[in-house]
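Letters are used for the chains, namely A, B, C, D, E, F, G and H, taken in the order the chains are written, and counting of residues starts over at 1 for each.
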Amino acid sequence: MNIIDSANLVYRKTPVMTDLTMHYCPGCSHGVVHKLVAEVIDEMDIQDKTIGIAPVGCAVFAYKYIDIDWQQAAHGRAPALATAVKRLLPDRYVFTYQGDGDLAAIGTAETIHACNRGENIVIIFINNGIYGMTGGQMAPTTLDGMKTATSPSGRSVPLNGYPLDMTKLLAELDGTCYVTRQSVHSLGAVRKTKKALRKAFENSMLEKGTSVIEVVSTCNSGWKMTPDESNKWMVENMFPKYPMGDLKDR
Amino acid sequence: MNIIDSANLVYRKTPVMTDLTMHYCPGCSHGVVHKLVAEVIDEMDIQDKTIGIAPVGCAVFAYKYIDIDWQQAAHGRAPALATAVKRLLPDRYVFTYQGDGDLAAIGTAETIHACNRGENIVIIFINNGIYGMTGGQMAPTTLDGMKTATSPSGRSVPLNGYPLDMTKLLAELDGTCYVTRQSVHSLGAVRKTKKALRKAFENSMLEKGTSVIEVVSTCNSGWKMTPDESNKWMVENMFPKYPMGDLKDR
Amino acid sequence: MKEEIIIAGFGGQGVLSMGKILAYSGLMQDKEVSWMPAYGPEQRGGTANVTVILSDERISSPVLNTYDTAILLNQPSIDKFENKIKPGGSLIFDGNGITRFPDRKDIHIYRVDATEYAAVNNIAKMMNMLMLGAVLKIRPIVEIKNVLKGLKKTLPERHHHLIPMNEKALQAGAELIVKL
Amino acid sequence: MKEEIIIAGFGGQGVLSMGKILAYSGLMQDKEVSWMPAYGPEQRGGTANVTVILSDERISSPVLNTYDTAILLNQPSIDKFENKIKPGGSLIFDGNGITRFPDRKDIHIYRVDATEYAAVNNIAKMMNMLMLGAVLKIRPIVEIKNVLKGLKKTLPERHHHLIPMNEKALQAGAELIVKL
Amino acid sequence: MAKVKGAVVVDTEQCKGCDLCVVACPSDVLSLSKEANAKGYNYSFMSSPDDCVGCAACAYVCPDACITVYKVKI
Amino acid sequence: MAKVKGAVVVDTEQCKGCDLCVVACPSDVLSLSKEANAKGYNYSFMSSPDDCVGCAACAYVCPDACITVYKVKI
Amino acid sequence: MRTEQEEIRLMKGNEAIAEAAIRCGCDGYFGYPITPQSEIMETLMDLRPWESTGMVVLQAESETASINMVYGAAGCGKKAMTSSSSPGMSLMQEGLSYIACAELPCVVVNVMRGGPGLGTIQPSQADYYQSVKGGGHGDYKLITLAPASVQEMADFTMLAFELAFKYRNPALILADGIIGQMMEKVVLPPYQARMTEEEIRRKYPWATLGKLRGQKQNIITSLCLLPEEMEAVNLHLQAKYRQVEQNEVRYETLHCDDAEYLIVAFGSTARVCQKAVETAREQGIKVGLLRPITLYPYPSEAIARIAGRGRGVLTVEMSAGQMLDDVRLAVNGAVPVEFFGRLGGIVPAPDEVFEALKTKLIKENV
Amino acid sequence: MRTEQEEIRLMKGNEAIAEAAIRCGCDGYFGYPITPQSEIMETLMDLRPWESTGMVVLQAESETASINMVYGAAGCGKKAMTSSSSPGMSLMQEGLSYIACAELPCVVVNVMRGGPGLGTIQPSQADYYQSVKGGGHGDYKLITLAPASVQEMADFTMLAFELAFKYRNPALILADGIIGQMMEKVVLPPYQARMTEEEIRRKYPWATLGKLRGQKQNIITSLCLLPEEMEAVNLHLQAKYRQVEQNEVRYETLHCDDAEYLIVAFGSTARVCQKAVETAREQGIKVGLLRPITLYPYPSEAIARIAGRGRGVLTVEMSAGQMLDDVRLAVNGAVPVEFFGRLGGIVPAPDEVFEALKTKLIKENV
C-alpha cells in the first residue's frame, strides 16, 4: 500500500514559505512561528494583501522565508512602520514580527503608542527572554535569576530590574482588541497559536484595533540547552511568569 | 492690633524657592507644584541632598525656581538621567519633573523602564493634557474631543488614538511602589498632593522602588480658558478619565 | 517705494496682527511684502516684535538693522529700537506707561495714546487698529480701503461684522496723533 | 621569526579556540601575537576563521592577503584559502567530508584526519587539539610545554583536570599526519 | 471658641492677577485691583480685610507664591 | 473504528536534527540518524515506520518545515 | 479671475510647506511638534487633507517614530514626509541612514534652530554638517535643498519629492527659523492628484503594496550580512550619488560676472548677504553673491570658477563655519577664503556682513 | 614577579576597554548590546566591578537611554561612559549634542561596523563624518581618539577620560570591528581609585551633588532661550575648541622623513597601510605613513608639512572617503590627494593598498 501519495496528504510545507533554509539554530521557535504565519496567510488567501514588517533580531531575515512583501525595520521601530503602511493601505493586512529586545526594550514607545492608537495591525511578539541575535544578552523579559551574557550570574532585580510583562501592559491599553499569550512547544500549543494568529489577522479588517500575539519561545542557543530541554525549561520557568491564554478579546 | 507680624505667620513662600518671577502663564499649575516640591524639600530638610531633573516642556526652567542642584534633560529622557544620578549617589533624593508630552510620548520607554527597574526615584508627572511649551499641541493624554493646535476640531480616536492613562500602566509595573494621582486646584487638593510628594520623597530612601505622582493639571493658555475656568473644566472633564487617588501603595 | 517698518510691544498688544494687516494691505496693492516676527513662546510674557517691509522691488533681507518707521508700544521697545531708526524716519509710540520718552532730534516722533483711548472707550481689542490708523495718517504707505480689503481676506467670515468697527477705529486713531 | 596563520572551518569545530591557544602559547614565548577572527553570528551556521600571527617584531596588519600556514577544517575553507598560501607554505586539512582535495604544487600539503580519529575514539571535543598537535609537529612555532602553560592560563580552574587529556590529544594528533 | 482673625500680604509685583486666590478664598476677602502692576497685571488685594480668617487657602493655591498669611486668635 | 496508517517524509537535507519531532511523536516513530547530512546534522527518519498514525504532531512542531505527512484509513 | 489653484497668498514658510505638500499629492505626513516648525503639522491638521485628497496626517509619539513611519510609507511607494527642527533631527539620524540605504524616496524638512543641545528656538544654520556630511552612520547622502524664501518653501516641497523619486533617495529641505516663521507672498502650485496604486506599481515596482500572483516579493531592507554584498550596495549608492552630483547642482548668482570678491551664503543668510552686496555695490566694491540652492550636491565647480577669477571669498553662515569646509574644498587654495558667522540663534545683520567683507577680505587684499 | 596590576594579557580590544575602564576609576557604564562591541558590557558584567571598585554597570533599554544616563552621571562629576556601534551611535546624536553643550566630561566608544542602515556587522570607518563633523545638531565637537591596537583600546580609555575632564567635553573612542574583536598583548594600567565626592566637589565644583548650605545651586543645562546668551555659550565652546586644537593634536608617523609619497590612514586601516608601506619600501618606493591618533583635533599642520615636501598623498579608509575631506583641507591644493577605500564592511588588504598607491598616486606623478 502506498501511503505516500498526494491523495493521502495530511500536512506539507505551505507554498507561502520559500525554499530557503532558514538561518535559525536547530530547534529555534522562530521557525515554527514563521510556518504558522505563512499557513494562516495561505489559508486566508491573502498572500497578495499582506505586508510584513521584520525586526532587528534573529528574525531580521523573516523576509527571506515568508513569500510576501516585507519591510525590514530599524531595531524596535516595526510598529511605527506598520502604522504608516496600514494607514496608507487600509485594505492590506499588516503585521510586525518582533523579538523581546525589539518590542519590549528599545521599541517600548513605538509598541505602546501603536497599540494605544489602536492601529489595525497584528503584532507578533516572540518572547524568548533573551537577545538571541547578538549572542544572548539579557532582555527586559529575562527571568529573575536567569543567566545571560550580560547577567552571567543570573538576572538580579536590584541590579537589572524586574522581568517585564509587556503583554499585560498592552492589554491595558484601549487600542488593543485582542491580546493573547501562546507558545509552540507542542502540537496543541502550535494549533492554538495558529488559531490566535488567524483571529488576529481577521481582526485587521474589522477596525477593532490592534491584535497582539505573544509567543513565549525558546532560544536554545542563548539558553545553552538542547531544543527539547529548552521547551521543558520554558514550561517550567517561563509559563509561571508569562501564563498562557487570552488577556483580552473584545 | 497688628496681625501682620512674624509671630503670627501662618504661611509664607518657602526659602527653597528662589526670588525669580516664574515664567509661567498666570494661573498655571506648574507654579503650585513647584511650590509644593520646594516646601517638601524644606520640611524634610534635604535641600543639600536633592537633585532635580528638569524636562523639556514648560517646566524646563524649573531649575531657576527651586533652589537645589538640577540637571536639565533632553525631551523625554529625565528618567534615564535620574536612574544614573540615583545609582551613583544612592543617598541623594532624586526626582524628575515631567510633562505629559515629555513623560508619556517621547519618553515612554525611559519612563516605563526606569519604573520597571524600580529605580528609587520620584517621578512627578504634570498631566495637563497638552503640549504647553510648544503652543498647545495634542498630547497622548489629551481627552477625546479636546481641541488643540494639532487637533483643531477636537481629538478623534480613529485619527489620533485614545487618551493614554500612563499612570495606570506604571502602577502595573513591579518596580513602582507608590503611584498616585492628585491635583492642585483647591486647598484640599494641594494639601493632599503635598502629602503625596512627601511620601514619595521618603520612599526614595526605603529602597522600595519608584514613586510616581501624577498631578492632573491645567494649561489655561493651551486650553484657551481663564485659570478658574480651567480648574472647573479639569474637574468636570479630566477627572473622569484620570480619577484622583492612589493607584498603588506598598 | 520701499518702507521698512518695525512694530514692537508686549505680547498681547496685537503687534503681530498689526504687522499682518499692514503686510496684507501691501499685498492688495501689489507690493512685495515681508513679515518677519521675532518669534518665541510669547504667551509666557516677554516682548514681541515684527519687521514688515513693503516694496516695489523684490525684497532682499527680511531682517534689518535700521528702519524707516518704528511703531513702539511699550518702554522696552522704545529703549531697543529708538536708535535703529534711519535719520529722517518716524517713531510712533503709545504713551501708556512710558517713563522715558524718545528724544532723537533727527527723526520725526509722534505720540499716539491709543491704549488710553481704547480703555476709555472700552474697545481694548481695537488698540492696534487705532494705532494703525495713526500710522497710516503719518505714513500713508497703504490705502485704508486696502486695509479693509485685507481685513476681509484675513478675518474668518464670522468676524466680518466687526469690519465697520475696525474702520471706525482706523479713523479715530488718525485723530490721536500728537507730534513731539 | 614570523608566522602568519589562517585557521578556518565550520562554527563549532573549535577554530577560534585553536587560534586562541596558539596565540596564548606565543605570548608565553614572549612573541608578539595577534588573533583576528572573522566574527559574526556563528551560532547560526556559516564558517568561522581566524588569522593568527606570531612574530618577534611588532605586528603591523592583523589582516593578511597571504599566509605561511593554513589549517582548514572543511571544504569551503579549502576552496577559499588554498590560493592564499604563500609559495613554500603549508596547508593542513582535515579529510572529513572533503570532496575536492587541495592540489597546489608549490606548497606543502598535509592531511590530518582529526575528526575521524576523534569520532572513533569518542573524544569529539578534542578534535582541535589533535589538529593542533599535528600542526605543531609540522610547524613547530611554539613549544608544547607553552601550549600546556597557555591552557592552564586560559582554562577555568575547574577544567584543569582536562589538561592531561589535552596533552595526550596533542601527542596523538602528531601521529595523524599524512603528507600528500 | 476663640475668634480668629487673619490677614494676608500680597506681593503685588509678583502677582499675575490669575484670580485663583480670589476664587479660593472662602470668605471673599480678595479681589483683583483695577490698577495694573509694572508687568501689566491686575494684582490681588484684600478688598474685605476684616473677613479674613487666615486659612491660607489663597496662599496654597497661588501659583506664584505671592501670598503671605498671618493669623491671630482674639 | 477504522484503523489509520500514516507515513512521513523528512526533507533530510533541510533537517537540522533538532530532535523536536522525535520528542513530539506520540508513537515513537522517529529517531535521529547516525549519519549526518551535508550540513553536518543528524537528520530525523522513521525508525519505526509501522507505528506512524499520521497525526502530524512531528510536522507541526518542526521549525524547519521538513516533514510532509500522509495518512490513509485502512 | 485668479483660480483658487494659482492663488497668491501671504503666508508663513511653514504654512507654505503644508499647503504645497497637499497640492503636490503627498500621501502621508508624520511629525512631532517642535518650535519653530510646528505650524507645518498644525496647518495640515487644520486643512484636513484626509477629507480632500486622502492624505494621511499623523502626530507621532516622537521624531524617532515619525521618521520610521516615513520609512514605512515610503516603502509602499507613497509620497511621505516629516518635518522637525534641530534636536528632533538628531533623533532621526538612524532612521535617515536606514532610509538612504534602503533607497526610499521621501522628504524631510529641518527648520533649524540654535544649538547645540536644547539651545534656543531662534534661527540657525548649524545643522549643515549633519545634513550634508552625514549625521547618521555610514556612507550616505541626502539631497539637500536650501530655500531662501517662502515661495521656495512651497516650490522645493514639490522639487524635493521629484528628486526623491527620481533617485530613490531621501531629500532634505534645510530651512531655518526665519524662513519658517516669516510671511511673504507665495504663488501656490496647482493641485496634483495623488498617485494611484496602479501608477505606483507601474512606476515603482519595488514598492511593498502586496505581492501580486506571479510576481516576486518586494523587500525593503538595508541589511547585507555578507560584506561583499554590503560593499556592492554601497558602490551602487556611490554611483547614484555621482549621478546626482552631475545632474542636480543648483545655485543662484548675483553680480558675479565682474566680481572681485565673492560671498557664498545659503538660505536666509543669503538674503541678508544680498542686502550687504547691494550696499557694497553702491560703494563701488565689486562683490558678487553665490547662493547654493542644493547643499548636496554642492556647487563646487561654480564656486571654483567664480572664485578663481577674483581675489577672495567670504563665507557667511549662522554657524561657527560649517559650509566653509565645502567652500574651501571647492576653492582648493586658489584664493583666500574667509568666514563670518553668528552663532546660537543670532541672525547676522546686513551691515555686519558688509563690515566683515571689508575687514576680513578686502583689507587683507590691500 | 609581575603584579596583577601590570599583568600582560592577551585580550580582545573590547575586553581591554572594559578592563581599562574599571582600572581608571570609571564610576558608571551604561550600554545596550550591539555587535561588534557587546563584549565591552559583557566583560564588565562578568568582572562585577560594583563589588570591587563600586562602579555601576547598567544595561539600558536603548542607546538613547544609555547616552542620557551618561549625561546624568557625568552631570554629577562622575566618570561615565557608554559604548555602541554605528546604528546605536546614530541614536545617541541628540544626547551627544546636549552633553557637548552642557560641557559634561564623558567617554563614548564607537566600534564601527558597515553601514548605512542595518548594514553588516563587519568593520568599517564610515562614521568619521558623524564623529568629527557633528552627527548631532549645532556647532560642537567631540574629542575623537582612533586606537589602532588593543593596547591603545586600553590606553585611550584612560586618555579619553583625562581629556574629557580636562576640557569638560565628551571624548569619543572611534574604533572599528577589527580592533574590537582582535586579540593582542596588552599591558593593563594599574588600578586607580575612583574619585571621592570630596575630590569631585573640589575639582569639579559645577557637579550636581546636592547644593551645600551657603553654596550656589549647580545647574547642568544646554538651554538659553535668549539668542545673545546662546551665542555666548557657543563662543565659549568655540574658544575651548581652539584650545583643544592647540594642545591635543596627536599622530604617529612612519618613514615620513624622506617620504615622497604620504599615506594617511587611521585606526586598523593604518595597520594595513603600514604593511603596504613596508612592501613599498622594500621595492625602494619612498612612502611614509601618517596615522592621525586624534581625529578631532585633526593633525592638519603635520599633514600639510609632510605632504608639502612630497609629491602626493593617498588617503586610505574603510569608507567612501570621509577623512579625505580633512586631508584635502590640510593639503589645500599643494599636492594631489588621492583616495583608496573599501566600503560596507570590507577590510582592505595590504596589497590592495600598495596597488592603489602605485596606480593612483605614483603613476599620476610619472
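Methods note: a residue touches a chain if its C-beta (ideal position, glycine included) is under 8 Å from a C-beta of that chain, and two chains touch if they have at least 3 such contacts.
Keep in mind the model is a prediction, meaning the values are calculated, not measured.
Hopping across touching chains, the smallest step count from chain D to chain G is 2. Counting C-beta pairs in contact, the chain pair with the largest number is G-H. In whole angstrom, the spacing between the mean C-alpha positions of chain A and chain C is 63. Computed centre separation for the pair chain E/chain H is 60 angstrom, with centres defined by C-alpha atoms.
Chain E and chain F have CA centres that are 85 Å apart.
Distance between chain centres (mean CA atoms), chain B to chain C: 41 Å. Chain D has residues 40-41, 45 in contact with two or more other chains. Shared interface positions of chain E, defined as residues touching 2 or more other chains, are 39.
Shared contact sites, meaning residues of chain G that touch two or more other chains, fall at 35, 58, 61-62, 64, 87, 94, 98, 102, 117-118, 121-122, 221-223, 225. By the touch criterion stated above, chain B contacts chain E in their complex at residues 1, 3-5, 8-14, 17, 21-22, 24-32, 35, 184-187, 190-191, 226-228, 231.
On chain A, the positions that touch chain B within their shared complex are 105-109, 112-113, 116-118, 140, 157, 160-162, 164, 168-169, 172-175.
Against chain B, the residues of chain G that register as touching in their complex are 32-35, 38, 41-42, 45-46, 48, 50, 58-59, 61-64, 87, 117-118. Interface of chain E with chain B (complex): residues 5-7, 9, 14, 16-20, 23-24, 39, 41, 54-57, 59-72, 74.
Interface residues of chain H, counted against chain B in their complex, comprise 27-28, 30, 56, 58, 60-62, 64-66, 68-73, 75-76, 78, 80, 94-95, 98, 102, 208-213, 217-223.
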